[in-house]
């Protein structure tokens, strides 16, 4: 069944892929980072639909990034496909483990415990002077199945690579949202007792979601590490998580696509704020967020829904 | 005592109550009967100020709608929400005393004594915390709480739902006897069987419109 | 009491059940066995332990003492989701629904969960809006006559409709044993009998064993094959509807009927 | 007349404009850039820096905030180079920023001068092509502090350290403790404290130090933390028990004034501020800074000035005729350059000619009540080769191996 | 022995600091269910306000005690004004929205206020050490304690006692419990919910500002002090149980003592202490040490 959303998503994807060579390099690199981070946001959307917010998603982001960085550093292996996959798997394993703990928590306690876990990782990394402590260390440029681009070609390759992974993630997460387990998100947020009496383990569903969000976070971190070429413990700091939550609210939990649009918009707004008001960019960001919440309560994603409604209202 | 005229209540854009009019005389026990979704709860919540309403609602000579929600209880309005809403960490007794803390009424102990005398089963679990009571027990406490505040009028939303018939009957009689105290009662019911024989008068409500009907 | 109808084992057998909360004894010495396809009514004073009894059978509470067998399987202390998976489902005294979803979505999720492939992967790979689930959900919405509210968000439902939705969500999986906690309280009188007629006969056709807690003696008398009366945590009467309702203690403590024979007007 | 038409040379200046590092480092650095660039454009800098702008072409600065994650820093660097098409970037305070920007700068072939970040890793980990750092790296601070302490305290048996728990604090302590091991092998390191960055509350740390038998305590704290620590320790008299060595104290002394205890050993990451020699160019810089901002320049301002002077010289050295030199030409000219700025003589001696070294100086703090002014007395100077590793040897290794080849 | 004593006193002082910083946060969360990130701004504004006040009084040569009171009064006034503006002007518009969304509203406000600080006070840092210096110190064995720290402990104890008493034993406190449970019921029984909300938020804001004010003499008042405080306060409050005053007190004590012990005995783990303790407590008691009773749902 091809819905209009899917069609629109596919077209947007093709457009984003085709337009890149025409765009200035800095736009491409900005978009690459935005789309890498969007995966983390997508993970947060998965959780948020259940009413859970993680202020510690940076944990997986950082693990994904450090997994990639350490492999490159120690083995010199640079294949982007394998590295990113390993980053996702690494974060997924950690998520599966801490998920046993996290799945028992709700509301603000879920947020705080995940924050604590990510801060513990931060502490460990800060203490690890051999990895450069807070300065972090560099990641050499990746290769793609033997292809080793440089300069502009590298930027484009990373961009397309990120876009491709995003597309796969979007399709899978979309399918998950439509599945029984995925559709139990709102029910769990609304009334866990009823869900249990429907014969479903709430804990297990939440655990699954923690793992999905963790893998997505890890993939995002891995891509970010390759794009930035540097990792540091601040990737695990709570403000990093806070930034992701910020984008999630900006985007809204309404649709998968919103995560990508939201992330891109956020990166652009931030970059222009820094450009135009170097001393007051926080104020600009804060105001944008406030205005979004006040006037677009369901996030940027709801703009689409509004437009569609207006269209349907027309004869 | 209570006079409602041309009351309109909307939730969001949807009008729920349309031009509702009813009157409850002093010491009278009056019914508001209608099937599920007719708008009984909506009407009563609007009278309590939980929903914005337009039209007229007077308690004695007092313009009820002009009063902010929290000032209404102070004028002797006792309310029993249909979903009970006890404060879980208070004991039963504290829950019953609750309205008097806010309004700082006098004669609280005597009134509590009287309530316990008409509902001895509530007195029996007065020291237990409200969070552990059974559904019917909570209902009783909610009624007791309404009685505490309602020195002039009681607005009861399905007070007998979930009560065992023996108890429901007895409480119905207690309510009917409030006449002697000069307290008016408005009872919303979807199940007129519970109350019909106790009522002086009943209004019927259907799709938000109230009609007066002789019994 | 008449044990098994045609010689086979009881579907539910409860022995020596006891539940205490601190100093409060909510249930004690409860021994009941229910043959398959029987419809059992449970009546009792408020706080007598009816809900506690249902909660123990469905795994929401762990009994302090005693055993519960469902089709010869000991389910005492099992988590409620596993008990549900065995084929016991229930409705609640206070409706347990998903307030931010529409009535249809509430129902379709309940239907989809009940008929999913099971297991972790089953949950992830089965779409929720399968034609089967949709059909089942719509049929149940019709059965409970709440199609007027099909697209209403559940938080906006009147109390009575919430209860119907709640029961519908318990029924839509077509369990083998269905426990209903005060199904008709809050439902307006005009609808009550019609509705119970339709629902109960649907359940009968499907050979579902039903145990329902109820305060309305007419409903009990009409629909229950057998009636248990609870008082102060124990069963004080157990028999056919007539036998129990005519019991003088039951009349005094529960139904409040002074003259034997007739329910009140 | 030809070059009056020429498009200005664009320089990106990156520094902390917000956040905790803005006040002590970011803003002085930025201010330093502003007045120096203005002086360049007016052609008013002293010789040999007296050409208008860079080689006659005016300069235009774009200021960017360094705050935010490394991701943001790299993104903004790319924006400067690719979107704003700057000819050079001068900036960065955090070592993390520098480490992350360096490879990107090389990849984009963008001329970049780091001005304040301290880690020696930048040129030790990898040879860089387009990245330069005029300011000496942080090794000099620890080694200089140790040399000063050992020279002033003859009978030192035990010392402690309190440093922020992040790379800068850890590196600073490692260098200092390592140098002490070489210079005063009998003295032992007693309490080694690493409170959280921006902790604000140091009660327990001060108690620990009070109960230790150390005669000196080393700290590389800066601004907020340094001030908080200073106020809290002086309320409890820690400085009466032991000498405090503040390797970045110079940047905070104008603010702490009489709250900074007399006798504290003060460093300024080189011969900057009051530690700088009384040369004409120093007087000039001090003057224009005072005139504009009403407060003396602190070391970040000096570092920025030194970096811009170096860049100017390299640019002018590369410039042949009227044509703009290419980035490659400037980079080639920059390599190994030598010049004298307000903070003394710079030699781009390390990192294959990309990393500068200078002499350093430490002194003892004294608040002059008559003049109502902070002063640094008892200044000791250490030549560049005395406190910096020789070319080709990693700083850590140099210290660990006993600082061989130091020429003092 | 001395170490044990030092750990105890340091722990107490740190706990006092944490408690003073966290109490406003836990109050607002407890009543309004708002995880208030702006708390960091209240702290920062309180500190800046106090620094300004100290600047005024140091120039005016007032006696120290008066100066201290002036500082606290001015800071709390700042809190009062901010509290009213924020609650009436902004939060009112978002009540009823998703909890997380409200957190983000306060986060956005926090970001904006960070830059407002720059606009009002500039990027430089301020000192307000005079009250601490004036307080002097006492010597106990090898240890020198600042009297100002002892004053902080006293303030924390007084605040805790006041808050506990106000919530448990006053009429207003009990009414508050009702509002916490359900706004509509509270209003139906005569409680002015709007007023309770405004009052709670304003008091919380004033407590946040008070935290900044009493800490101002110890620290350098500079950009970013609010950020550090937020997470610290969140951690303490999560350990104690969200919204519980006694929880915040116990949480502060646990963290304070653990941190002091770590600094003295094992400085290398100091960085993990607060999050480690938080993770451990939450593992043992998922909802913190003091949990609000939940009604029976079935």
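By written order: A, B, C, D and E. Residues from 1 in each chain.
The definition used in the following text is that a residue touches a chain if its C-beta (ideal position, glycine included) is under 8 Å from a C-beta of that chain, and two chains touch if they have at least 3 such contacts.
From a predicted model like this one, the values you see are computed outputs, not experimental measurements.
**Student:** Considering only chains that satisfy the touch condition with subunit A, which of them also satisfy it with subunit E?
**Tutor:** Touching subunit A as well as subunit E, we find C, D.
**Student:** Can you give the shortest number of steps from subunit B to subunit D, where adjacent chains in the path must touch?
**Tutor:** Each step joins two touching chains, and the minimum needed here is 2.
**Student:** Higher C-beta contact count, B-C or B-E?
**Tutor:** Looking at contacts between chains, B-C has the larger number.
**Student:** Could you state the distance in Å from the CA-based centre of subunit D to that of subunit E?
**Tutor:** One centre to the other, that is 37 Å.
**Student:** Averaged over CA atoms, how far is the centre of subunit A from the centre of subunit C? Could you give it in whole Å?
**Tutor:** Comparing mean C-alpha positions, subunit C is 44 Å from subunit A.
**Student:** Based only on mean CA positions, could you tell me how far subunit C sits from subunit D in angstrom?
**Tutor:** 76
**Student:** If you look at subunit D, which of its residues touch at least two other chains?
**Tutor:** In subunit D, the residues touching two or more other chains are 17-18, 165.
**Student:** Give the residues of subunit A touching no fewer than two other chains, as numbers and ranges.
**Tutor:** 126-127, 193, 239, 279, 282
**Student:** Residues of subunit B that touch two or more other chains: which are they?
**Tutor:** 132-133
**Student:** Name the touching chain pairs, would you?
**Tutor:** Applying the touch criterion to every chain pair yields A-C, A-D, A-E, B-C, B-E, C-E, D-E.
**Student:** For the complex, which residues does subunit C have touching subunit A?
**Tutor:** Counting only subunit C, the residues touching subunit A are 58, 60, 79-82, 84-85, 89-90, 96-101, 109-110, 112-114, 116, 120, 122-129, 169-170, 173.
**Student:** Given the complex with subunit C, which residues does subunit B contribute to the contact?
**Tutor:** It is residues 11, 34-38, 41, 82-83, 121, 125, 128, 132-137, 139-140, 158, 161-170, 190-193, 196-197 of subunit B that touch subunit C.
**Student:** With touch defined as at the start, can you tell me which subunit C residues reach subunit B in the complex?
**Tutor:** 21, 24, 43-47, 51-52, 93-94, 149, 156-161, 182, 185-192, 215-217, 252-257, 264-265
**Student:** For a test of understanding, state which residues of subunit E touch subunit A in their complex under the given definition.
**Tutor:** Interface residues on subunit E, with respect to subunit A: 29, 35, 90, 93-94, 97, 99-101, 103-105, 107-112, 114-116, 118-119, 123, 227, 231, 234-235, 238, 242, 268, 271-272, 275-276, 278-279, 282-283, 286-288, 297-298.
**Student:** So in the complex, the part of subunit E that touches subunit B is made up of which residues?
**Tutor:** 171, 174-175, 177-178, 181-182, 184-193, 292-296
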